[in-house]
Structure formats: C-alpha cells, structure tokens
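Chain naming follows the written order as A, B, C and D, and within any one chain the residues start at number 1.
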Amino acid sequence: MNFSSDTAAPAHPAILEAMLAASKGPAPSYGADPWTAAAQKSLRDAFETDLDIWLVPSGTAANALALATLCPPHGAILCHDEAHIERDERGAPEFFTGGAKLSLLSGKHARIELPALKRKLDANRHDFVHETPVHVLSLSNLTECGAAYRPFEIAERAALAHAAGLAVHLDGARLANALVSTGASPAEMTWRAGVDVLCFGATKNGAVGCEAIILFGAARQRLMDLKVRVKRAGHMPPKMRFLGAQMGAYLKDGLWLDLARRANTSATRLADALTRAGAELAHPCDGNEVFVHLPEGIADKLAKAGATFYPWIDGSHRFVCSWATEPHEIDALAGHLG
Amino acid sequence: MNFSSDTAAPAHPAILEAMLAASKGPAPSYGADPWTAAAQKSLRDAFETDLDIWLVPSGTAANALALATLCPPHGAILCHDEAHIERDERGAPEFFTGGAKLSLLSGKHARIELPALKRKLDANRHDFVHETPVHVLSLSNLTECGAAYRPFEIAERAALAHAAGLAVHLDGARLANALVSTGASPAEMTWRAGVDVLCFGATKNGAVGCEAIILFGAARQRLMDLKVRVKRAGHMPPKMRFLGAQMGAYLKDGLWLDLARRANTSATRLADALTRAGAELAHPCDGNEVFVHLPEGIADKLAKAGATFYPWIDGSHRFVCSWATEPHEIDALAGHLG
Amino acid sequence: MNFSSDTAAPAHPAILEAMLAASKGPAPSYGADPWTAAAQKSLRDAFETDLDIWLVPSGTAANALALATLCPPHGAILCHDEAHIERDERGAPEFFTGGAKLSLLSGKHARIELPALKRKLDANRHDFVHETPVHVLSLSNLTECGAAYRPFEIAERAALAHAAGLAVHLDGARLANALVSTGASPAEMTWRAGVDVLCFGATKNGAVGCEAIILFGAARQRLMDLKVRVKRAGHMPPKMRFLGAQMGAYLKDGLWLDLARRANTSATRLADALTRAGAELAHPCDGNEVFVHLPEGIADKLAKAGATFYPWIDGSHRFVCSWATEPHEIDALAGHLG
Amino acid sequence: MNFSSDTAAPAHPAILEAMLAASKGPAPSYGADPWTAAAQKSLRDAFETDLDIWLVPSGTAANALALATLCPPHGAILCHDEAHIERDERGAPEFFTGGAKLSLLSGKHARIELPALKRKLDANRHDFVHETPVHVLSLSNLTECGAAYRPFEIAERAALAHAAGLAVHLDGARLANALVSTGASPAEMTWRAGVDVLCFGATKNGAVGCEAIILFGAARQRLMDLKVRVKRAGHMPPKMRFLGAQMGAYLKDGLWLDLARRANTSATRLADALTRAGAELAHPCDGNEVFVHLPEGIADKLAKAGATFYPWIDGSHRFVCSWATEPHEIDALAGHLG
C-alpha cells in the first residue's frame, strides 16, 4: 500500500534489460554513442518532428537546464505558485540561471488561468531597467495537483506568451499520464501547441533515472548553449549510453503509454474507492494522482494499517499510483476504508 | 584497439546485476533507501573510518560539489594547471562555487611540487580584502598525466595546506589505480594523509555512472550544506537506489581493486610494447594510462590500423587501458608497432 | 512642482561643503580615512550603540549587500510583495546572494501583517532539503506606500523572525522620515527593536549619494564578509573619504532630522491640499510621500500644468516631497486643484 | 612624501566645483539628467566618435561590468597574470560574469606578448564543450607595472583577438598618463586600434570617484545589457548628475591631460632622483609610476623619513605620483637618498 510517490517504484524490467544490452564493448563517451542517437530518433518519431535533446537523471536538472537556456540572469520565469520549480527544487532554477526570479501566479488545481496570465503579460516591460521582466512561461502537465491541460489550453497560454515575447517551457514529469487521460498525441500537446522546450519525464513512469530535455523548432538553435550548461553542471556523464538506452526502451513499442495507462487506471480505481468511502476529490483526477479530503479519522486509520501517502498543503491528502501499483494494494487500502 | 579512454568501456556485469537486484518493490526516494545506506557502510569498511557520502553520476559533478562545500564564492582553489577541474570541466567549479577562482601551480607529471606550494601558501592573506585567498588545495591521484602520489606525498602537501588554513580535496577519479600501483590502503591515501573530502571514482573503473563524494572527519559537518547543493544542482535523482546499488557492487569482495589491477596490468604490458618499439615514456606509468613520445610515423600508422588514442598537449600521446581491455587488443597494437 | 521623487532633489549645501573640506591633502584609500571613521562615530552616537558600517552610493547596493551577508544562495528572504527589493532593484538581491529567492507576503500599505508572518514562519523548515527556507525577514520603514511602522511593530515582527532563526534586515531608505513622524529614536526603531542590519538612507534626504549599511550586535561578526562582498561588487571606491564626509555632514547637528521634518511637513501640507480638493488618501501619510486617489480629470489637469508625479499600481497617484520642496510649489499645485 | 598611490590624492577643485554647480533644482534620476548627457557629449568629442557610456565610482566596477557584457558565464577572459582584474579586484570579474574564468598570460612589464597571445588563440576552441574558450582579450594601459602600450601595439593585439572571435577590453584606469607619454590621441589608442569597450579612469587623475565604461562601434548594441547589469549591481545611483558633472569637468578644456602631464612630469623627476641615487628602474617609467630596485638600506631610510610607497611582488618598490604631487615632496625624498 505504497502510495507515497511514483518515484518510490522500481524500474521497469525492459528498461534495465536495455541497459544491460547497451553494456557491450567500447562506445564513444559524452553522448556520441549509438544508443543516445537512437533515443533521439525515437523521440522524433514519437513527437512527429525534428528535435534536439539532452538526457539527464532528474527532473530538477531537466527543468533548471531548460529554463537557464531560455531566461537570462536578469529575467524572470512565470509559473504557478505551486509549481515544482518553485516549491520543490531548492532554488535550482535560480542557481542554473544565475539568479533569475520566479514570478508567481495562483489558480485552481495548480493551473494558470488566462485572465491572470493576460494581466501579468500586459504589465511586462522589457525595456524598463528597474524591474525584472518575465522571459519564460513555464507550464506543468500534469499540474502539481494532478490535473491535466488539454492541448487547446496549452495553446491558448502559449499564444499569449509568444505574443508578449516569452518562450514556453513545459514541465512534463508526468506528461505520459496527461496524454493518456486527454487522448492527445505528443505533438498536439507540445510543439503544435507552442511549447518551445519540453522536459519529458521517464523516471516516474518506469525508468531508472532519465528525463529528456527536448528543444523544438527555433529553440533548437540553443542546443550548443544547452550542452555547455549541461557539461558545466556535471550532467554530461561519460557513459551516456546508459541514459540513451533507458529512453530508447521507454519509447519502444509504446511501453511508456502502456505504463502510464496502467498507473492512471490504478488511480481511477483508487479514487473510486476513496470517494465511495466518503472522501471528496480536491482536484480532478486526470492522471495517476488522487487528491482527496478524507473523512475524519481515515488518514490515521490508513497510516496505522501501513499505507503510505502524504498530507498536502491545502488540507487534502495525496495518493500516487505508479506503473507498478498492484490491484491488490488498492483492494487492501479499500478494505481499510470501511 | 580502443585506448581512447577508460570511460569508453562498458559497465562491469556485477554492477548491472546489482541494479537489477535493487529494482524490486517500492523504496524511499532521494537517498533514504537501503542500497544507499549499504553503500555508505561498504565505504566505511573500505576506508576504515566513519564518513558521510553522496553519490553522483559524473566526476565533474563530484568535484564541483565537493569544492563548493569547501570554498566560498570569494575564495580560490589551488590546483595544478593541468588538473581536470581546470582543463576539462567547462568551469564547473566556478559555477558551483558561485564564482571562485582556480589558482594554478605548474609541476612535472601534473604533480604539485612542495616548494611551489610553500611559496604560494606563504603569500596567502586571508584578511586582505583586495586579493582572493586560496581556501582549498585540490590534488588528483592519479594525476592527469597518470602519475601517482604516494601517501606520504599527499600527507606532506595536506600538512602545508592545513597549516595555512586550507581544506584538502582529492580528485580520485582513478584512485583505485593509484592504490593498486602504490600498494597503499584507502585510509592511508586519504584521511590518514589529511584529505578532507574525496571524490571517489567508480565510473572509469566499471560502474555505469557513479562517483562518491566522501566527507571525512570535521568535513562531515558540511553534509547538510552538501545535500542542499546536490539538490539544487539536480544531482538528487529520486531513485537513488540505483546509484547505491552500483557503489555497493563496486566495493563488494574487492571488485574495484581487481578491476583496477586488471587495467594497470594492461597498461604495463602496453607500455612495454610501446617502449620496446622505441617510444619514450613522457610520464611515469603509475596506473592505467600510458603517455609516450612515439617515434615518427607511428601515430599515423596505429590510427590507420584502427587504434584509438589521443594526442596530449605536451606532444606525447595518451593510451588508456580499462578493466575491459583485452590482452589481444594490446597484442594487436603491438603487432602494428614493428 | 516636481513631486516625482525625493531622488530628483539636489544635494544639501552642507553635504557638498563637507566633501570640499575633505578634499585636502593625501588620505588613505578604501575606507581607512578619518572622514569614514568620523562617520562611523557619528552613527554610533546617533544610534546609541557600537556598530560597524559600510557606505555605498545607492540603496540598491546597500540592500543587496546587506541581504547577501545574511542569506545563503540556497535560502530565501521574506519581504512584502511591494518591497523595493522585490519590485525595483532588477533582481539585485538575487545577484548578490548568488541566487536566493524572495518569498513574498502581501498586506495593506505595504506592511507585513503578523498573522501572515506567523503562518509563513510556522511552515518554514530549515532541515528539509527540497524546499527553500527563509533566512531573513526584510522590513521597510517607511514602507513602499509611505506608511511607518512604530518601534513596537518592528519589535513584534523581529521577535517572531528571531524565534524562527531568521535575521532581520531593515530597508531604511526613508528612515529619517519615519523617525520624525513616529517620534521614535534611531535606537528604538532599529537594534532595540531587533534589527540586525540596517540600510540607512541619506541620498533621498539630502546627500549626493550615500547609504550606510549598519551592522548591529551579533551581526557585526559579519563585517569581514560584508567588506569582501563590497570589494567584489565594485563598491569600495578608493576615495571613500567623500562618502564618509557626506555621512558625517548628514548627521551633524541633527541636519538629517531637520531635512526629514521639512519634507514631512511639506507632505502633510500637500496631503491637506489634495484631500480638500476631493482626493482620498490611499495610504497613511506617515512621511514625505502622499498616495491619493484623485477625482476624475485632476491628474491630467495637474500634468498639463507642469506638475510631475507618478501613477501607482493600485490606481492611486504618488506625490513625493523632499527636503528641497518649497512651499510655493505646494501652493502652485493647490492652485490647480480648484 | 606620499607616493603610496594616486588614489590617495584629493579631488581637483574644478571637479568638486562642477558638482556644486550641478546641485541646483530638481533633475531626472538614474542618468537621464543633462550633466550625464553633457559628459557623454564631451567623451564623444574627446574620442572623435559616437559612443555609449555608463559612469561608475570605481575601476573595479567599471572593469567587471564591461567584462560581464562581453563574456558569458561559461567563457574566459584572457589577461596578463599581473592585471588588476586578476590580482586586485577580489574576483569581481568572476562575480559579475556569473563564474567566467580569467585565463592568464605572463610577459615583461605586465605586457602581453604577441607570440604567447598567438599560441593561446590558436588553441582556442569555441565548439569544444569540455574546455572553457576565451571570449575577451583584456589589456591595460598603463600596465600594472607602469608601462605604456603604443597604439600600434594595441592594434596588433586587438587584430589577433578579433580574428579569433574575441572582443577587446581596455582597462584605462591610467589611460590619460599613457596618452600623455606616448603622444597618442584618445581615438588612436582605443577604437581605432580595435578596442571594443574601454574603462576610462578619472578617479586616479583628479575625480572624486568616476570611471566611464565606454562602448565603441558594434559594442554599442550591448548598452541595454550593460544598463541592466549596472542596475542589478547597485551602480545606478539616483543622483547620477553628480557623476556626470565630474566627468564633464574632467574633460573640460583638457583638464584631464593637464593633470596627467603634471603627474607624469613628477614621476620623471622622481625617477631621475632615484636612479641618480643608484636605484635601477624595474620597469619603463611611461606614466606616473616609478618601479625601482632600491640600493640596500634605502627603503628603510625613506620609510623612517616618512615617505610612503609600496614593495612590489618582483622585489622592486613602487612610487606613484599624482596630479597633486608637489615638487617639494620629490625634493624632500631626494634629500633622503643621499
């Protein structure tokens, strides 16, 4: 009954087997190996466009490197006040950018709302030396509260941002879960909707530790800048083949979407069990996370029974399912709700 | 005939198998897992002392994080002008420290010599606001030219540094190779000789991607500072168990020393073959690297035959053996020397 | 009719004359001169305690240097969301700290309210590596909306901050105006109320360009750190005597309080004139600034008549008086209000 | 007998009088005042070209800001190993650039020599991600040893730098002294010789505290970037008129060249007196500084007699004359040499 986080799950066997298979003979270091090239090709196929990439072992690294290629030290990044980059990365964006600001918007379900975004962008002045203008809009899909944006919602926000001269970053630590629940294609949800740089997560969905920073369209011109930052941050380990192999296996034959589907299905079942027992959904269950207001006494009871899950800042509790969540875990939890 | 670098080698099967074995069931994220705890215990045993650690996937990350915990933004790090931290890390120490300087010393075989070190430390003024004082002495063993310091040599340098109020960092990307060739124990070569923080490499000697930052003695008080920097730099991936598993397997039953012995033996055989063919050693062959001045025409001949190796800045050529170098590769190379 | 800002005013003659008087013969550079020593002594007298100082030409420099001595790169500074350090310094605190965050609280009249402060401090976790804890509470007096805190209000906030392990910074760009209107002594408003580091402004109140960073009590141990940061930021000009001379003259015979009294009196008269004409005070007029909601059409009328003043983000307009504001300017403005 | 530094001198009366004259009535803040505009016009006239400027109170600020506009955080600045930016600015270039490196060349009299410069530039690789390429060549004229480059020497070095894709920075803290001794015009020594950004000193030559960062030619496109950095570093004090007034007075009617001529003449007389007494010039006396190897016992004797001067790292002693050095001071010193 471990619902603490999808990061608590092990790696999927197919991904570890791909690492084993990649461990044969010498290979060029620092990303010039065939596995990394194959991963890039698989990403091109999945996203139906040409693109450039770098692979890193953590979402914090992916987000911070992506943002640093888009925002100067004296600029700001617009994001939701519950965003992972604001709340949970110990100032990594500030460190990697050399001291940029995060400028915060609030909004239900950790979603950025259009009117607030418009107001903020209208007040943005790139030529006023005293204030710090925003240079990047950072969205998350799934949001930190487990809600999904649909492609047209990403597109609306990105269009406003681009019109105001901003670049668009998407934190896709749980993008697979959002794609499965919305039925959108990878392309529709990202570059076709105006995303310039995507952090595409695999770790929470079955990898050992692998996230792709993906540059689309004009942002591809920043590849050399990105690689310099990557090197300087210690994120260019010599044996990159083992990151390439992970990403290749993750995408192969739709494994990534199968794993996300599995996790989402578990979450739906869990949400049903919880709401049947009197809990109320605090946020839409659009992926693999369930946020509920629990009836009095239930949290303690579940914890005593050995279930792991987290209290959330809004008074709700968060339960996360992963690709590895077993039906019997949900049944067991449900059994303690009675 | 791949002698380009020990980073071109694959990972040792025992290390990959340990990762597979660690991929069972849920585990706490961010380093609170049992594999990371076991790795720390194994390191304590190997180094015969209590210590604190963090595991990262690259030597650049290890060095830069270690140095940043020891040197303020307005201080300097004393190192050899051929050191990896100066030459090959794209300014990672400067980035992680927030703008500290590297202060350079020259010396044969990329070794720091005592008289130059003394002169530098004598001129160091911690209370003079206009100049940048050195706060850390960084040594490398093996050096960038493949030479080894023996424990008393580390101790002499560390004693001078400590007397001048500096901390001592050891870049041990190839420490195993230096231990094997000198016969020193891990403890003798590090904390007993005055090393405060060690970057202990495994990647070049058989790991997938794993280096331990090891804090000894009083430096252990900096653990929280180190962890904050680690998090902020994206070097706290959620599934740390896979780093812990690598380090555990690397140390188990002396695998690490066996692999280093294998690589050193290959290098000795290669050095013999090269010198018999008229090459001259440019630097002592104290580990798994051979630097030679080749007779005219030989470099081209070898390259045409398919051997890979690198020209060095001093006019010599570098050949690196790894744990995976096969005797037949050396024989094949030797066959082209005639 | 220039009510644009107190920074538009010239310097007071006594301050320029002191600079002239200091320009005699050779003097030690970098702050070791007698004028800087005398300024420090005058500040000790004015604040009735021992203290350490550094003098800089701008409030942005003073605030950023002070904050950087109190907050590590991986920490946060708690301030009001309208604070000058957040709104008007182009990320100087982020630059000087090496990437710290500003954590924002809202509250009427740009004042930090106790309940919001308590909630924020209760949630602060210094030992949780993923989040960025606050290390400093930054207050402004006058606030950005021209309101004054009284000493007990500073003390209440500082006590909460200290209890939570924070240091307390006071942005006193207009401290003289706050002292005059509240009747508090410099000591009561600062170190006796728990302020650790004060940025004590003179520029807006008659100096050429001079702000003192003042370290009180235990914060004095940070003097060397401050001086290193000062040097590294180019804020240690050789001829420091000219900054020392300014501060000495500013404090001599209570000039600073006389000038603030003059400015406050002008503001009171201006506020009377404006409110008599139907304007409503948007914020308390506790110093030399008047924020009013103007009756329709008045802003345009005044601007056409040649008056200078600024629209504020809350829909009000800001009128600032300085030591140099002349009664006839207020009368002239009043004449256009009818 | 104060020969400690030209920074120990007072300000020239004409410069202080200009500040007094500027202190009349309200003026726009932050550099939009007429005095700053006039200073820019005077600099255009003096340098015979259009240019953009910013005025700061210290040479360290000027150099660091200029370098930060030319060099990214992951680049390097090529300079002499005795350069002020390397030795005497506590890492200000590293701070302002966000962690760039200084890459050092040696050479007699603190001059960069052509062959060493060529070798360095030949090895520079902008597209190799592991190493830190140089982006800027920084020259000083006068050098730190008081020697002057002539215009063709600046031009030779700048041409090599430009051909290698570098920008050229000139630290002109004592440019006036170099112009007087070489007879070169400001234009010949700077932009016509290939200088992109000049730090033009006035403080050591009679100002209260004023240095101009001057952007020439294509570098003028970096003005907004420079201003943002200036603001963020606290170097945009509100009452900029007092910096503008200084620079205007400094340039008016050739005052700056008169003052430099006076200082150079004093240095020549001092050098004569010292060499007649058996001292040997350690470096060419091309400006207002005299570096001599003193006969045994003389340094102590002079110090006891009350003369102030500094020992230099090469075993010589440095004596600096300023615009305010009086003939009788030199006579007095000469009297103690006998």
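Note that a contact is a pair of C-beta atoms (placed from the backbone, for glycine too) under 8 Å apart; a residue touches a chain by one contact, two chains touch by 3 or more.
Every value quoted in this text rests on a predicted model; they were computed, and no experiment measured them.
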Worksheet item: Looking at B-D and C-D, which one has the bigger number of contacting C-beta pairs?
Response: C-D
Fill in: Chain whose Cα centroid lies at the greatest distance from that of chain B
C
Worksheet item: Roughly how many whole angstrom separate the Cα centroids of chain B and chain C?
Response: 50
Discussion item. Between chain B and chain D, what distance separates the C-alpha centroids? Give it in angstrom.
Written reply: 42
Worksheet item: So, what's the distance in Å between the C-alpha centres of chain D and chain C?
Response: 34
Response to the item:
chain C residues touching 2+ other chains are 73-74, 89-91, 95, 98-99, 129-130, 228, 231-232, 236
Worksheet item: Across the complex, what residues on chain C touch chain A?
Response: 73-74, 76, 87-91, 94-95, 97-102, 104, 129-132
Practice prompt. Can you check the complex and tell me which residues of chain B touch chain A?
Written response: 2, 4-5, 7-11, 13, 16, 19-20, 22-29, 56-58, 60-62, 64-65, 89-92, 95, 203-204, 208-209, 228, 231-239, 242, 324
Discussion item. Show me the residue ranges of chain A that touch chain D in the complex, using the header's touch definition.
Written reply: 30, 73-74, 98-99, 127, 129-130, 224, 227-229, 231-232, 236
